[in-house]
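Multiple structures are listed underneath, in structure tokens.
What follows is chain A paired twice: with chain B in the first complex and chain C in the second.
Up next, the complex of A and B:
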């Protein structure tokens, strides 16, 4: 279970209080009725689904109820930061370091979790 | 053992085409010579510089596609490239539920094609895949479930697929340990039963396809990660970059399950997928007590008993994208809560092992199989939490797609393009989950 920092409540709370809300920083086209089917599919369905650094939205649904953004590593599930909705995509200055930590924490094989390596 | 063995075995398999068949006589023969004559089930060759077809991912779907390409389309110069070991992905991690009672025709077409192939698969591969049509029962807990299941039953019946409605008493007669009392935490007001549904041995499916494909000359290259997809001046596929160097091919089929987004991104193709961990767990072995598969979509629990006696239990997915192959503890405790309520007799059973796999989920919870905007690149993905049952059918139709360059009639609706045209196959709305 994840431990998530809500940037509004400024508290670390259990994942049970939160609802994942998809990739962050996807702007709804202002001329939604005019865009082509390709553009609509792109906006509505196509996602990066990154292995590694991802920017995503969360909602503190059983807390303050607000949406916010997070940068997280999808391999280690480690949160690199959370920030308020409406703020631009935050650069991750310590990215190299974060990746290194992430790689250290990679849990990907049966051996790593259950087998001899443990 | 002092048994004299012939120096050169008269039927040692060569590179291809001389696989020794498994039979009761082979067991007797090997029993008499201390089991020293069993040969490797597949070869482990070094890659050639190029192939006619490369399949990325040696799960059941990828290995099966190579097998059917060789068997039905006469294409044998094939490599299946796998970053880990074959069958180590979701093929080796799933709860093996097999059924075909989906709602929409596009789904019924491919899952029923698959179920028919399951019925003859062990004979076809000369490998015991342990397909066991013990019945898959889906529990109905409320009016909505009941209406939805009856709609499925009607659609299936019209399409010639077996699926029947059971009263709570009939369900209990089929699974005596089921609690159908009115005061139960999750009361049961009926169930849908597909008798031809059941389970198969997950590893045997990967191994059986690997052996049969290898026998027909297919190269299975394990511990070799595809790191790039090379394209020519017109955007067409030229081959793949791998941890063992560049390997050429004019046709590349991607069947990488949870890593489909990552591999497709190498060719600049975005796919509408979310990768989510899905967990399963098994109990200590018990005497035979559980005769079929029981699923409850509403409370997110799936259970059957393996031939070893373990209860095999499937849980739900985590809510967020992840490649961690672990998953949250709250997900499995929720499932076990439900299992204990539905089957009070299991309350004191100990769980032995738990694991996760990464599933690739589409917005409509139906798979994607088809051509891509990149010439020569084909994709088979989005099987999400329910693609084991589809292994033979999907592999068979993916082989057709790669050989002919266009989809088979039975898979024609599964295109990537449906997210542009809006012709979704909305099993998500139909079933909420799709094991």
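Up next, the complex of A and C:
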């Protein structure tokens, strides 16, 4: 079970209490009636769907009920950081950590894990 | 007028007649209570605290009790306030909040929720049968409260003593909650 840090409850809670809520930092147009169909499609339908580091909105729906933002690695499913809604996009505090995650290789051969077993 | 008895209809708790528990856990329905769901901006919290006679806690996962009322922190601007006694629509909590004179949103949820009291040495284990939270005394001390998940439903959990919890659950889910707690209670006694 994943533990997700809720910036409002200020502690790690089980993933069961949370819901994913789409890509973060998408600003609603100031005057939505004035924009073209293409611009509307860009705002409303099109998402980056990045592989790797991605910024998402999450909601602590079965806890404090608040929306917040999270930086998550979509390959490893690891949450790199979470921060309150309304804050600008935050840099990953330890970028090396993100790089290390990207380069992480798990070695699980029989020799490595069971080789010593007698 | 002939007393037919029809006008004597009484309200029955959805937990009426349910029984469960084990040698380690005692399960019982809590007495009827008044409840409001309260939303208040930070600048009006002190006004509502004064009107309700209980300090609305502003720290996550904490509750406060005074004058027979308990205020549970649910979110940064959201509280569940439980008052002992009455059960009527237009209850004293609603009136107290309205008398505060400060901007707020209060909804009477006295009939929406029912509460199950879980006590005994296996109380935390019984709740953990369906709840993923850490209920050790270090992480969830007496007075701690949280909206969380219990099996397939949402509950509000309040620790009233070292080995006692109050489980607030929506009325229509109370059968499920009681059943799962009863199973958890059996497992906790093994």
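To be clear about the criterion, the second predicted complex is superposed on the first by the 99 of 118 C-alpha atoms of A that agree within 3 Å, B and C clash if a C-alpha of one lies under 4 Å from a C-alpha of the other, contacts with A are read in each partner's own complex, and residues count from 1 in each chain.
One rule holds in what follows: a residue touches a chain if its C-beta (ideal position, glycine included) is under 8 Å from a C-beta of that chain, and two chains touch if they have at least 3 such contacts.
Fair warning: this is a prediction, and the values are worked out from it, not measured in the lab.
In the superposed pair of complexes, A:16 makes contact with chain B and with chain C alike. In the superposed model, A:64 makes contact with chain C only, not with chain B. Using the contact criterion defined above for the overlaid structures, shared-chain residue A:1 touches chain B and also reaches chain C. In the three-chain superposition model, chain A touches both chain B and chain C at residues 1, 16. Within the complex formed with chain C, the chain A residues making contact are 1, 8-11, 13-14, 16-17, 62-66. Across the complex, chain A is touched by residues 60-61, 74-76, 78, 132-133, 146-149, 154 of chain C.
For chain B in complex with chain A, the residues that touch the partner chain are 84, 88, 259, 261-262, 270-275, 319-326, 328-330, 353, 355, 363, 419-422. By the touch rule above, chain A contacts chain B in their complex via residues 1-2, 15-16, 19-20, 37-38, 40-42, 44-51, 54, 56, 72, 74-77, 107-110, 113-114.
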